[in-house]
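The following pair of complexes shares a single chain, subunit A, combined with subunit B in the former and subunit C in the latter.
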Partner chain A sequence: MTLKPPASRGFWAEAWRRYRKRKLALVALGYVALMGLVALFSPAIAGTKPIVCKYKGSLYFPALGYFNPRWENPIFRTDRFRGVYPANLKQKDPESWAIFPLLYQDPYRRVREGEWPNQPENPTRDEGQPSRANLFGTNRAGVDVFAQMVHGTRTALLVGFVSMGIAAVIGIIVGACAGYFGGWVDMLLSRVIEVVMCIPALVLILALIAILERPTIWHMMAVLGATSWTGIARLTRGEFIRLRNADFVTAARAIGVGRAGVMFRHIFRNALAPVLVPITFGIAAAILTESALSFLGFGAPPPNPSWGALLNDGRTNQQMWWLIVFPGVAIFLTVLAYNLIGEGLQEATDPRLKQSS
Partner chain B sequence: MTSLRFVFLPLCGLALLGCGAPTAPPQEKPAAKEAPQADARGSNEEPAAASEPKSAEPFVLGDLAPKFDPPTLAELEAKVKWVDSPVVDTLALLRKQKEKEPAKVSVEEALKLENDSPEANEKILSALSVLAPEDGQGVNYDATISRALSMDIGKTNPLRSSSISEAEILGLTSFGVFSFDWEMNPLASSDSVVSWQTSEDHMYDKVVLRDDLTWSDGKPITAHDVEFSYRVIMSSKVPIEAMRTGTDELLAVKAYDDHTLVYFHKNPFATNVWNLNFAVIPKHKYEQTIAADPTLVESEEHAALELKPVTGGAYEIARWRRGQEIVLTRRESAYMHNGKQVRDKPYFKEIRFRILEDESTSLLALKSGQIEESVLGAEQWQTQTTGTDFYNQNTKIMGPEWTYFHIGWNMDPKACPFFTDKRVRQALAYAMNYDEMVNDLCFGLFPQSQGIWHPDSWMFPKNPAPMFTYDLDKAEDLLDEAGWVDSDGDGVRDKEINGEVVPFEFTIIVGNKPDRVAICNLFRESLESIGINCQISPMEAAVLMQRMFNKEFQANMAGWGTGTDPDLSKNVYRTGESRNYGSYSNPEVDRLYAEGQKEFDRAKRAEIYGQIHNLIYEDQPSLYLYNRSSFYGFNKKLRGYRLSPRGPFHFGPGFSAIWAPVQ
Partner chain C sequence: MTSYFLRRLLIGLLTLLLITFVVYGLIRMMPGDPLLMKLEAMGPDKEPKLEDIERMREMFGLNQPWYLAYFTWLSKVITGDLGESLSRHASVAKLIAERIGPTLVISVSSLILTYILSVPLGLYATARDGKPEERVLSTLLYMLYSLPSFVAALMLQTFFAIKLRGTAFELPLFGMTSDNFDSLSMPAKMVDVMRHSFLPILCYTYGGLAYYSRFIRANMQEVIRQDYIRTARAKGVGPLRVFWTHAFRNTLIPMVTMMGLTLPALLSGAIILEQIFSWPGMGKLFFESIRERDYPTLMGLVLMFSVLTLIGQMLADFLYALVDPRVSYA
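Coming up: the complex of A and B.
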């Protein structure tokens, strides 16, 4: 009878096992997942455009217009709907039906009297305290804060993921080359990293905004990505230096695996865990930067909803606390969640902590 | 005894209140533009000034002045019949006016009132506009007043002034001959002038200066300083293009002796009087050095003068800490001459300007007593100045102001194809939700603008065109009629222009202020619902100004303050003028401006300018949004302020009527 040794868990399974033990990190992960869902389904949560409707014999999905205005079917424009669906649908085609979002509120405009049965018009000026119709209140122009926050989630998550995606690609490639090749390549790339570290991203973004004809959120993400990859590159470089002479790498080389194969198939997989940590922290930092820029009025151009822009709205009048508290809490929680995840990852993937857990 | 009040140097000009802070380089001359809201107090550098070419040609003083050989004084006296023009002590004038306006309540009662209704506002204004007694009894001459500037000054040479902040400071420190009262009637200040006569044919103005005027370095101020300043302004090497507008309408300025000055005009126009007014610099300080440094601020000597300027006004600059504060002190030689008091003593010993760029910061400073007057925003007026934290130390006043905000269209077909058609511009005017703008975004405090003149002004037409209202059906019909239809079915209107399908998509540039962005956003919402894509691009004041000046925009949201004479607005609406950023052109309007300039009778002028008003409103070169009002908070220790269509300070007597009683 042979005794089969229990299969040892893989590295990621082990890491996940240890990550699960950290309650806070787990909650944070759940929170980020929830935010992702909110971002993805934002037009179905709060909006004034039907998710799906049947009008004059065809099916339409006008709510997609929240993702890209061009996806909103032009027929509603030509039929002079003027953005108000409920009454116009019934009036122009009595046969029509529509499924509306959970909450009839728009992130771009004020909901006015009589648009939606039993819902009063949104209050304006400083009178928009949170109420049943406006969960988080309204801003001065009468635009619902909750709807703006739901749609602003898209901006926040997008900024984090896209800018860090760019940073990760640049950082990993630069770091991998520097660490793997060593010598003058390392020397050169390390100096490049040091130079880039000196560039203040915020100032660069402000300069860019002044120059560009139409600055968008994508420009900001590109600049953030192009300036925040240095930490990732340094860590990758360190990991590559550590691993390039490991036995499994020598073995791989011995059987004739190419350079790229060695670097990205063999070394990178083993170096990934520590690199994930600065990426997670970077996402948190990018979200903070976007909010800070929007707060200063240099963020995504209006009317794009963004948490920081809401804070900016509330800046001049502290009596409208709901413009500060809700977005402030959202920013705080999201940044906290990413930091907790990063910390959790760090500890779950650090082999030195293995014994203790 | 007359009183020395500061005279606004160049006083005419419209203010561009565009962007947050800026007022534009004044159109006729700098300085005059006044813009009361916090935003309008700042300024920015004049874009044009920097672009003066530096060539190797030698400096020639007055090379731009027309070639003209003035006759001798005797020849002139022989052929000209003089008529007296007003030489006025504006404080005395205001004192007379105040006799006709009895206070509705006592000062003590007024200070207890909360300004929550038009009646309360009237009571407060009537009581607190009380002037100091003529003999100065009860005036605290040792008082210091702390004020706010929304932006630091860049230069102290009055000829190089280009911003509202500089105008504010120079108004207090500079010597001037002419001024105007709160109804914007032109006058010569009796502080500076013995007599002012205009020839019957309106071709000459003769001024006799007083002989007890001194610069802050003790040298006398003479007619030669005025002539010299004119020649400096008219020198091509001196980079002050905007300052030349108006002054270049003069044929010559001639000093016949130390006190007698004659201004020669090119044409007998009603607007000649506004050309007389330009900043004066001390000849003895600049005569020798100007050839080496025509910028007036760069060379070593000039830089020293920038820091410690030789001034001719009631106050002089004592300290200037860049970005923080500017302190002015009362100048004894301004009201004393040879040991005798010859003019009223200015009421404050010291004026402290703190540079506070943010509106909320200045409100906090006002509430805590760190500054003693401040403009208030509409929202601040309505929501943040109603509690005891404000009324403990302050009170507030409001009044109409002849300032309008608009969205200007770029009508140059080469730059932007959308707005060349009048029907399109009218359609856009129908697409603005005026009610919501006025009642919700402007807190019900600003009325919808009826066009380029304020309804209270004398030139406003008796039969104004009906105002545009919010009517999207009309807007869509007009756009269809103009050929902007959605031909490719993408939800956005388009039109074939030169074989190319152009979608109706444009960008509005606007100052980075939440209230203005909100108004643009309201407009955008309506436009989007009728198939026009509109982007909003908020930007810094300086960038906005530059873009407008270079005509690099499709639409801009900004404001114009009032000039002293309706003729000044021709700079904005006449074909090819320097402030005509949108390239508007209507031959009939051009003709009427020319006619209005020649007319001397005010009633007839009012009719002409009324016609201009209606023509422009019909053409809609801009979408007229709202008229701003003045809102000011004043510390309870201050008295003597009143509001003009240009706010509480920028007229005669303006600031010099404000005083603090002995506690």
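Coming up: the complex of A and C.
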């Protein structure tokens, strides 16, 4: 009979155990999860399009139009709804029913008198202080700020993940090649990294955006990703240099694992933890850069609610404090949350700190 | 070591060529050229003559493809001539010289403030490690570190310039000087600039302050775990002496190298902050020349930033070898 030793926890289980000990990092993770939920259900939280409605005998989901205008059934355009659902549904099909979002407010247009029972018209100009109908007030055009912020969550979340995803792919591939092959490949790639690092990010971003005819939020993300991979590349390069002559790598080569297999199955999986940390911090930086660009007026064009664009509104109307405070706090909390997660990850995966916990 | 830095210098020059070449190409690829921007500014009532446009294009070097124009620019730069601004009637060197002062007012005072405040804060946090007051302080600093400067700037502006309007604490919204600046006496001029620079300096400082004090604390904690600290304690050195002469002196090493890396930030200014406060510094010049497609000014600024970044990195390595005898580049 053999005695089986108790299975030791894997690296990630161990890291999670240590991550959980940091309350602030857990709260931050919860905040990001909550943001994800808000982004996913944004059309159901604030909007003027029904989540579900029965109209002329069929079921429709017009609220999906907030994700992509093409997902809103064209029947509502041919029936001349003009975006105003409650009255039109009643008038054009008395049999119809609809479930509306929690708050009847639109991120793109002003809600008028009598559109929704017991809800006054949105105030315009600088009179839109926060009130019961407009929780976070309205901007000069009378568009509800809360609705814009709820729908802006989508932009903030997407920008962080997509642009850092792109940056991670570029950075890891460049860093891996430079570190693994060494020699002139390293020399060349290191120069490329240095050049991209030295070019002022704003010049690079503005030039890349300017080349495009009509930049969308997706272009912005691609450009942000294409300019922010250098830190990840340098770190990956360092990790690969450290690991390329480790015993397990030599062993893998000896049993005939191919080059790509050695690089990504064996070395990269051991370098993943330290690389994840700058990626998390990078998400915070990407959200910051996107809102800064929107703030400067270089963001994605208007039908795209963004926290930075709201701030830009507030900058020209500084007596309207609600245009500054609410999006400002949202940007701050989000950046803080990602920074806390990054720090939690760093402490949880750093082997040097293992004994202390 | 000399040969190491000579090699670094050569590689640096090569990198510099690459950077300016790429940036020149990128700038020329932005839609619109300085001529168009100028004509738009002139208004529609003045119809420019075709030969005038041609003449100006030739003057600006826009009739060449960009990679040829780059070498024209480069050959001039090598002789020390950064060229003439296209949108303002001044040489690039003069424009930059004009803007360096205001940027230095902010960056130098903020750097001094950062060092004066962050060293005691970082040391205090190390000495009181784990105590409630340290947790509060560290959390506050961490929150400051995550607060975007443009959000803080807008909030401070709303508070000091709008909410406190008419009180003694009202601060000007933007600019560096008041309208009646020229008629003021010397001390009144100083007060005027100080009042204008208070908010920009505050916004410029707090992020760095948070970063540096965390940096100092992290380094101190690393040093305190070292064997030589235990040895010092074991041979009976008092806790204060261990803290100052054994631990703190060793955290100076990473701080010195950090100084090298902050060199470019000293002169580059903060684009967004200078924009929000209409501060006539380098960051604002940079932003304006992007908008005006002022190629020579833009290139001059990029060249300056890149040179400073590369020098800063080299300086950091050099200082590192200077203060830490374990490091050598033989």
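Keep in mind that, in the parts below, the second predicted complex is superposed on the first by the 348 of 357 C-alpha atoms of A that agree within 3 Å, B and C clash if a C-alpha of one lies under 4 Å from a C-alpha of the other, contacts with A are read in each partner's own complex, and residues count from 1 in each chain.
The criterion applied here is as follows: a contact is a pair of C-beta atoms (placed from the backbone, for glycine too) under 8 Å apart; a residue touches a chain by one contact, two chains touch by 3 or more.
Keep in mind the model is a prediction, meaning the values are calculated, not measured.
**Student:** Just subunit B (first), just subunit C (second), both, or neither: which does A:140 touch?
**Tutor:** After superposing on A, A:140 lies in contact with subunit B but is clear of subunit C.
**Student:** Touch check for A:78: first (subunit B), second (subunit C), both, or neither?
**Tutor:** Only subunit B; A:78 stays clear of subunit C.
**Student:** Please indicate which partner A:88 is in contact with in the superposed arrangement: first for subunit B, second for subunit C, both, or neither.
**Tutor:** neither
**Student:** Under the stated touch criterion, which partner chain does A:70 make contact with: subunit B (first), subunit C (second), both, or neither?
**Tutor:** first
**Student:** Of the partners subunit B and subunit C, which touch A:109 in the superposed model: first, second, both, neither?
**Tutor:** first
**Student:** Looking at A:129, would you say it contacts subunit B, subunit C, both, or neither? Reply first, second, both or neither.
**Tutor:** Neither: A:129 stays clear of subunit B and subunit C.
**Student:** Identify the partner contact of A:315: answer first if only subunit B is touched, second if only subunit C is, both if each is, neither if none is.
**Tutor:** Once the two structures are laid over each other on A, A:315 reaches both partners.
**Student:** Touch test for A:288: subunit B only (first), subunit C only (second), both, or neither?
**Tutor:** Second partner only.
**Student:** From the superposed pair, tell me which subunit A residues show up as contacts to subunit B and also as contacts to subunit C.
**Tutor:** Correct list for subunit A: 210, 315, 319.
**Student:** What does subunit A use to touch subunit B in their complex?
**Tutor:** Going by the criterion above, the answer is residues 69-70, 72-74, 77-78, 80-83, 108-110, 124-126, 140-142, 209-210, 213-215, 297, 301-303, 312-313, 315-317, 319.
**Student:** Provide the residue numbers of subunit B that touch subunit A in the complex, in ascending order.
**Tutor:** 359-360, 377, 379-380, 382-384, 436, 439-441, 443, 472-473, 476, 486, 489-491, 507, 512, 514-515, 517-518, 520-522, 524-525, 528-531, 533, 535-540, 543
**Student:** Residues of subunit A touching subunit C in their complex?
**Tutor:** Those residues of subunit A that touch subunit C are 24, 191, 194-195, 197-200, 202-204, 206-208, 210-211, 284, 288, 291-292, 295-296, 311, 314-315, 318-319, 321, 324-325, 328, 331-332, 335-336, 339-340.
**Student:** Which residues of subunit C touch subunit A in the complex?
**Tutor:** Residue positions touching the partner: 11, 14-15, 18-19, 22-23, 26-27, 29-31, 139, 142-143, 145-148, 150-151, 154-155, 157-158, 161-162, 173, 268, 271-272, 275-276, 286-287, 290, 298, 302, 305-306, 309-310.
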